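Two complexes, one shared chain (chain A), two partners (chain B, chain C).
Right, the complex of A and B next:
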């Protein structure tokens, strides 16, 4: 990868979370019996008319606003014509000239660097049907195929990026960012493994520093962000090998095989792409007024990127902590609730991203389904502040709170894990430590002041962490002088 | 602009039309005439005229997002020359 650099652009297809299809009233429910969610419109019977689902347009406008796009005041639909068994009308209703939105951007974070990825366009279209291949588990080697049109006409929003990504890691981060955004907007559930979010990668290589783009290939068939990264990595390696061997890269579609980790060329019977787009005569133009956009804008809650910015600015907590909090469903609400009661955002964040996240991840739990309540967490933090328990003890207490749902006070009372506030009791422990550690004591008296740290540690051990370190330090100094 | 037999064959292939040699010759002639008419239209000065994509002066016709099942899916399936497990059977796709 030294002589060459890669250039990546992505096309994301997102299934929109509507109840009905984009141009007819069939249900979009997944998993029904084959060809149950079909009607004369989506199967392209003669004489039928498609009618646009208003919610589909609203979802796309929402997304376009979140991606800082320009929304076209006037856009139209077009017929994209090709022959494939999953396409009953022999054309797909899509947008070609005059798409709904153009010229946006999204910011992504990769290894601590923020990168801005431009969005070329967002347009609406209908999904195709599903093919089941017989005689083989894949299209290769199958003897015939079966077509289920339940998915035909499910609304798709295509988000096309500019070729702004330089590495497969950036491509992965971009898809993760878009998926998080679509989920938070409530327009798509963005499950790549179930196909509700699909991604094709366009990738090319060029000598480092070259301004011209190399010939690209399109990589398909990835069903996770990891598979996308692996597929792009493999395709870049393949292209470099080919160019180094004096071959020419052919513009083509390549499928990623997750088992072999390779991309393979798929030669189908399909004619070279010549879609002969023309305006869809059955659908009237779409005009989006400023008032409509403003109305939709008001319905958009705080976006993930805005929330991160606000948490960092308003609460002064670390960006990586905010990201951890936002990744966990319901944790942001918990965080804000705890701050309202308790203040001290960084301390709350440390507990949420530390012990509490570790516990939830291990048990595969969401915080709202756990036994921890905002009030009990705040109660525990108050016990630390009062000096009743040490931070170290609190780490054990929080696990018990998560296990049992009890308050910190109850747990502390039951286990007797309160801090020792009686100085007499502490001095007894300190004297014992001094007696058992003559060497460090002598070192301290000889001027090696640092050895007191060791002695404090020993006292903590003897008291099982129930002593307050700064008090132990003070008392030790007194005893040793 | 005069079309060639090759243009007609290309368009016919894209549209999955099988044409006889005689039909191709006829179509070269007929399509060339249609193209000629387009060239006449191209001479019109359309500066400042917005392109039309629809014949009717209408916009924004919507449906509300409500699912209403179609109850005669069996009749749609009956259009398939071959149906297996409620799915349309099609010949193999890849060579």
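Right, the complex of A and C next:
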């Protein structure tokens, strides 16, 4: 066992899913051609002024409530000043003193244990633009650089945890929990690979049992929860080695290289920034009334943790199925809608987490954007119950439903995939199987009753799965007796 | 000189309505005037003759059709060159913005366009409105029409001089520490700084965001009220603009100030104020008393800290507001920069003048880690004290009066080598911006042929009281009828 323990705190930057930017009315649509979503305000033209987007505040309050934070009735914006070409005003409007929310917590599950991670603060700020460099991958050494301001002014919410995580695994679980929460609140799509959720880790080590915190380093450039865990693991190993070798840890920012699995020093001390924060004089203090908070509270509905509990208790379905359902945007609503029409929660859950999720994941779709409707899914389940199609056929039918948006009945009719309920037709098939399989037939007649399973399988094959197995079994027994 | 050139807008409006003169004739007349005196006065950075002619024609068509025209329709106006005008050069009199074409109009410009005023051009200022003489303009110095050896004041020197020299009927300026009132005083015109938040700042190129305010410079108090009617009001594009009802300011011009309580700020009537100025102010106070006002002296002890605090807060905000001139998106870029830093350093070194650099450095310093509390935070606390001093005084008085400037216009070059003495010329105007209250300056006498200005300060959002007082005084005196002989 190591004689050191690690202490981890995380800063999460979440891009909020508002339609317009935080201080102007430009669209936040991702992936447009460069410098399409821009205006005088978000390009920092002389004379422009910011106007705070109310929706952004609402999303942050929603999150703050879900994370049990205290929401400040009075908070202020500040200018964080530094020169960089992706920052049109050469300062970022952020919050420094008096942030929007403080003192919250979230519960995470790691290896069956529940841990409470405290939230230090939540604040709002604007995103910067994007640089494209010619001749190098950074500004140093490039022949020229281009700047795209589409992302400039996209609202960011920063969630800062307390240093409450003891292991990289906990850090990973924390990010997953926050991501699920943001998604279920509909405030952020939380895609780390696309940068809509970004995460920096602050990590230090100390001798086991020591109460004082060691010098921390900040680990950047992780774009998945796995990378976060790997980066923290690597950084902890580096720190332990350094301390054991008698070196001192210096407070610095370190860059994680996914290829080497190592962290490297990003900024030397002399480049340490003095951001010269001061209150943003172009914005008035943000006042949040109790009434507004109550109104937002009403609109939040159930949080993921509450929902998991309810689904397990009320519907008796498996926790892992609930988690899969909640991970996919809109699927919980779909699930509940289907249950209202059809009942049988576990059967609905099986279909949603099985074939349907597989299809959606492969096509990178959300269920609400797919062609499947609650009514058509329920229609298909009813066909199975009536015996019109087998479960096996249904797995093909559902893919066609997702592809075309047609009902199961239409698809079955078109493909002739209905089950054979005409006994005469079935008996014909059975007689054919008996004729072609004399050995198993003899075995059965000699008392090896188990060989009937083989014969049923053969009948199913001949009927291309359109027969009902129990009916086949019954009719076979009759024919063989 | 054609007598139309010296008339205020409300008189010209009558003549336009009676078809005694057309807007096109008026416009032609003013541009002829510009041609004959502009080489001496140098009030304009850019002239907008084509726009003006087009606009005047449109107004004349309206009149000929018998349509009603608004009070400023067809009236030539000068616009300070820190107000963004779409597609028309807006330079802030800085080399760094020498060729900047804004993609949008300031809210006040939209309002001026909607009001149908005829734009003569963009007026010269101290670079980024930092200065008290227009000598800090990155292009050239504007001259005081009363004496071309002296400065017109600043930073709205061009806006004051163009009205005094009859190159425009009226103009818009901006006031951060006295930049409307002090040049109005130096040039013998009326200048009003509205309450902070009364006029939208959207499109006013920021110097110090918490102090800047746009306001009128005019030939008389009535014109100031008329222009205020057009530019005042809440703007959703400016979060700091106030959602407060805007009265009809011309209604305040009753001429009746009986029993009005006036406080004379004793701290601005002592040391550092020229005797000639003091005498003129005392005479003005006597006149106000004769008109029925009740006069008392009031002391504002926090005023002595206003100037030093201003020179912390204003540069702090300026250092941040001017960061965006980084040669990335617009403005001057040094030829052939070697790398990013040399682009930043050289472009800003070449683009900004010495006073702007001085203030950026001061502002950067006072916001730096370890100095913030001692300077910026402390200055903000003193600012609160200044506000409280005003609140106390306004519990007792309807308006306060003082000189606008400690002296009349000084000689060009006299103070350029001594920034502190230059800064002192705003000692009476700065407390007003620190408190966010409105104040007006109007002519109240002469010394050596140079105008003296009386400053009248009012409660927050009570521009009516200062307009009322100023109007009563103006009606009882002849100072504003004086015109420089160019």
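Please note the rule applied: the second predicted complex is superposed on the first by the 296 of 481 C-alpha atoms of A that agree within 3 Å, B and C clash if a C-alpha of one lies under 4 Å from a C-alpha of the other, contacts with A are read in each partner's own complex, and residues count from 1 in each chain.
Throughout what follows, a contact is a pair of C-beta atoms (placed from the backbone, for glycine too) under 8 Å apart; a residue touches a chain by one contact, two chains touch by 3 or more.
Being a predicted model, the structure only gives us computed values, none of them experimental.
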Contacts of A:44 with chain B and chain C, given as first, second, both or neither: second
Touched partner set for A:276, first chain B, second chain C, both or neither: both
Touching partner for A:79 - first (chain B), second (chain C), both, neither: second
Partner chain(s) touched by A:52 [first = chain B, second = chain C, both, neither]: both
Touching partner for A:34 - first (chain B), second (chain C), both, neither: first
Comparison of chain B and chain C by chain A residues contacted: B
Touched partner set for A:284, first chain B, second chain C, both or neither: both
Which superposed partner A:148 touches (first chain B, second chain C, both, neither): first
Partner chain in contact with A:89 - chain B first, chain C second, else both or neither: second
Contacts of A:140 with chain B and chain C, given as first, second, both or neither: both
Intersection of chain A interface sets (partners chain B, chain C): 40, 43, 45, 51-52, 81, 83, 85, 139-140, 147, 274, 276, 281, 283-284
Partner chain B, residues of chain A touching it in the complex: 18-20, 25-29, 33-40, 43, 45, 51-57, 76, 81, 83-85, 98, 131-133, 139-140, 142-149, 266-269, 271, 274, 276, 279, 281, 283-287
Residues on chain B engaged by chain A in the complex (per definition of touch): 13-14, 16, 53-56, 58-70, 73, 76-77, 84-95
In the complex, chain A residues that touch chain C: 40, 43-52, 79, 81, 83, 85, 88-91, 139-140, 147, 274, 276-278, 281-284
Complex contact set, residues of chain C against chain A: 82-84, 90, 92, 97, 100, 102-104, 106, 201-206, 208-210, 236-240, 316-317, 320, 323-324, 326, 328-330, 339-340, 344, 364, 367-369, 372, 376
